[in-house]
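Chains here go by letter, A, B, C and D, matching the order in which they are written, and residues are numbered from 1 within each.
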């Protein structure tokens, strides 16, 4: 595994399951056909790193069902429900260890030490949403250990000016906050609303209702208002009249859907003479693949950036993030330059 | 009706029905509420002309059911099947006259004379697809009469260099060829395929099947191959792998759909780890409104351009056309300038 | 209006709006064409009564926006949002009066007196769900006034043995409980699940998510569990494995949908060799029309039954009810006999 | 393989591919879990025969790509495109032999001899639609060889009174004609139209458009009128106003769909007050599984019937056929008796 970079993960949920299994899937594919195209991979290499150049070196979690087991087993433990892409995943050699409970200095020190001892280059933070303090503490542990940090969650980490300056001063990438999905409901909904608006039809009303069977959807059913606002904000920025748009982050927890996400979108508009123009769309995706397909780019950007001594926020990661520091201000040229800096 | 421009129409099909009734609909709306928003109108005024500033002065067709009747009646005659937007449309005072049968010089002269005698500023050409010679002959009649010309059909008129030069020399706008729909199946399909491609998912396959109940769909069922090619070309230009895309311009003639168009789109793609991402969409639009919503912009551009002495192709019309002369080469700035030239 | 029967309504919501406007719609239709078919009417006459033989004689409600206004105006008052079927409905001559607040004996006596003085033959009870005591009190008022009673809601009225006996002893029909929709989500969902089961495919999972914009959907979003159970029961009775079925009575309150209901149904099953068979369905209906299309049958059955001296439960009404007394036990023959008893 | 019955197949297309692979799939499933439920199997045993009790003894075809190869390989040969359910199917030991080209007496004799020499109990006829003479000739060959016959196609075989009498006289089952799909577009469409009609809504219009990627869909695109009629007949029988229904057997051949079938159904109806009630449904099935899931029942019925000395048409097969001799006249009791006669 020469050329691979050393990745530690905090939180062993469906996202990490998808990341681990997807990598195994691509390895198997290339083994049977060395020139096979890799379905669902946006860019073959980032700074010279392929999607197969990930070397897991540490994993942290607090769930009894996961701690103490090999990572390959732990990612299949309940309530994780990502499907098996590769039957009988071989052990990774990485045993899941106890992660932080409250994020106090002792815990930061312990995690930091672990990252140093495993030679971690990038720490991926992917705990359930809503644990601001833990997110910051893991970031500090990475900083102390000389590792880059990637924050998948909406917690404020890369947008914290102090933290960002610390990473920048140490020439360590700090990537965040909050993943944009690979092909998510919001991006599809926005593309269609943009189109209706640009073409000059009048929007009468539109909704987006999401359904899923993983733990997120159970929580969101009652606590979806922040997510709803975040989704509407993403549309407001692009000039859509969000007064006429309703977003239901979780219409319900539907067990048999498992880790998939089903999204129903309706758009009612009026064209010439007030005649109706109606769109109904259903999107079905593997929810955690939607995250892992973006995570794979972010961790490669972080690793390549660190190796090149680039600190703080990296523009190359911005299109894959919902809330990068300073918002979405960059041109296609900026992106080209940013990718070039990551190396060949 | 001061400020209105004088419009003649060649072909009294559903498109003209939609144009006439839509204008009546907006007039009624503003009568009951002078500050009402106009649903389905892309821009309130073009070169000072509102959607209500259309004064029909002549109408030409060859169908027995239409010739000799007031335009308001003729647009409701079979096989036209656009729905009534305004009950009991009052007579327009314009009687449908016999149009060209073969496009010979005598017919050109007769039409030209008619355009002169009615003070026509713009001639709108909207015959069924496939009559190249008639399209050219009507354009020549407009040219001879000092009128601008708008070609709604795929026939080659504005892309004919000689014709374009003639109009240019006479400072008369020549607008064409082929309408882009207001909100059409192709533009929606392309937006979604673009999105899937940009986000880095792998397209497995996609189809678009259109169904309708007007005369177009009867013809297209057997002769749809040109239309299919044209729709695929529109996608190829934007970098989509059209080898994996199938377009069925007419899956069948479905009587009860009348002048509506139903379109079913399926997109199968693969995301991270090869997991499926599937989109199913249904679009339901009023087919002729989809045309009239664009025609209203084209005839206003033609009228405003003529009044300002602008000849030949007008860039302001390009986004509403499928095949403008020279193709789709213009920037947002070009458009702004082009609109400014049309006047306040 | 000879032959019409005298109807009083308790609760002036969307259901009564739909009933009133639908009747006006059919009258206008027959006025312009005496032999017109009546779209959406299941049976032309019940016991000799047509859908136009309804004579509103009294209306009771407690909302300030409704009491004191003519019924034709009151049905359009917020939060009612049923669409106008007939523009400018003429006044009915019936002014909405104050209804019961708590259902105490004084209120019962007052309502009863009102029913007597207006010669009411049938009292239609259609208050918001969840007011058991008011439902009973209105039923007692009808009983005391010698009127038949129709209960649209899930409250236990016709299933109350004492009440049923009282109506029976007085030869007065007592029709209830709870309307079956004209074309509702549950009946469609069940038909498809039945089909999948009968054909021998294996059900993997299925959901039904409902969305609407009337007041019901606001309440159901948080208090939908009873409704969910009731919908699942309806399926369990027909042998479907409801462990694999999820029903979301309200996925959200979507304002622009107004009084319509949109329902998304997904069915995932496995056929031969375990290969997938997938159904996705969207149903869009006018929610209150779905009720009124059944109410019109129930009130006619009640009126015809009363005139013929039939007391208690009437089997003819059972197919249009969710919970008739004794459940759904009847044959096609029973129904034929029951209808015959109502008269020619 | 004791208890298994000896099956020969004429035509080695996707249907036989599905049959062969499905059986292998169930065997593998039961091997790993002897008490596993068998997804997609309607009845566990028919006359004591399970879905795994099929012993292929002969296979006939005329395609160069198939003749001379083991059946397990031949079913994967182009243009067959049924997906692999079980990787690396082991050889069956049955080599595909040349079948009839024109159905003359010599060919009949040759096939008959082959059936005798292989001890065939049932001959399954599954050639492409439209070869009436071959269908008859294969039936005669089975008759001469003392084998039961199952006709999957619309060709007239079991409805031929002479042939039926011959099989009857020899105490050999003759099962046909034309498979009803396991879960097909027509049965779903009819269930919904029935529902709309029963509930008393007025049907405005409805369509069914089918899309697929196997050879059938290429042919049907231009020659679908017989199939269209047959589908409409199936609905007319159940009292649906087919004047308002349009069926498109093949809206197009869509390569990437492969052996799946996608069907779009739209139903527009009117409820109370003429308000619209709209259903849009998409069905996605594995086309050949839809056939094989029914074939497995028909061949078991044929084998069990033959063993019990039952000749001619067997009522137990009627529900799985589109056109049984004498039509669909039987009660639930008839079916129970018919199954009982097949044995425990």
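As a convention for this text, a residue touches a chain if its C-beta (ideal position, glycine included) is under 8 Å from a C-beta of that chain, and two chains touch if they have at least 3 such contacts.
Bear in mind that the values here come from a model prediction, so they are computed numbers and not experimental data.
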| field | chain B and chain A - chains in contact with each | value | none
| field | Starting at chain A, fewest touch steps before arriving at chain D | value | 2
| Between chain pairs A-C and C-D, which one is joined by a greater number of C-beta pairs in contact? | C-D
| note | Per the C-alpha means, the centres of chain A and chain C lie apart by a whole-Å value of 48
| query | Counting in whole Å, what is the centre-to-centre distance of chain C and chain D, each centre being its mean C-alpha position? | reply | 44
| field | Set of chain D residues in contact with two or more other chains | value | 280, 282
| remark: Among line, ring, star, complete and other, the chain contact graph is ring
| said: Judged by the touch rule stated earlier, which pairs of chains are there in contact? | reply: A-B, A-C, B-D, C-D
| request: Sort out for me which residues of chain C touch chain A in the complex. | output: 204-207, 209, 211, 244, 246, 248, 251-252, 254-257, 262, 264, 266, 268, 280, 282
| query | Can you name the residues of chain C that touch chain D in the complex? | reply | 18, 21-22, 25-26, 29, 37, 39-43, 83, 85, 182-183, 187-188, 191-192, 194-196, 199-202, 269-286, 289-290, 292-293, 296
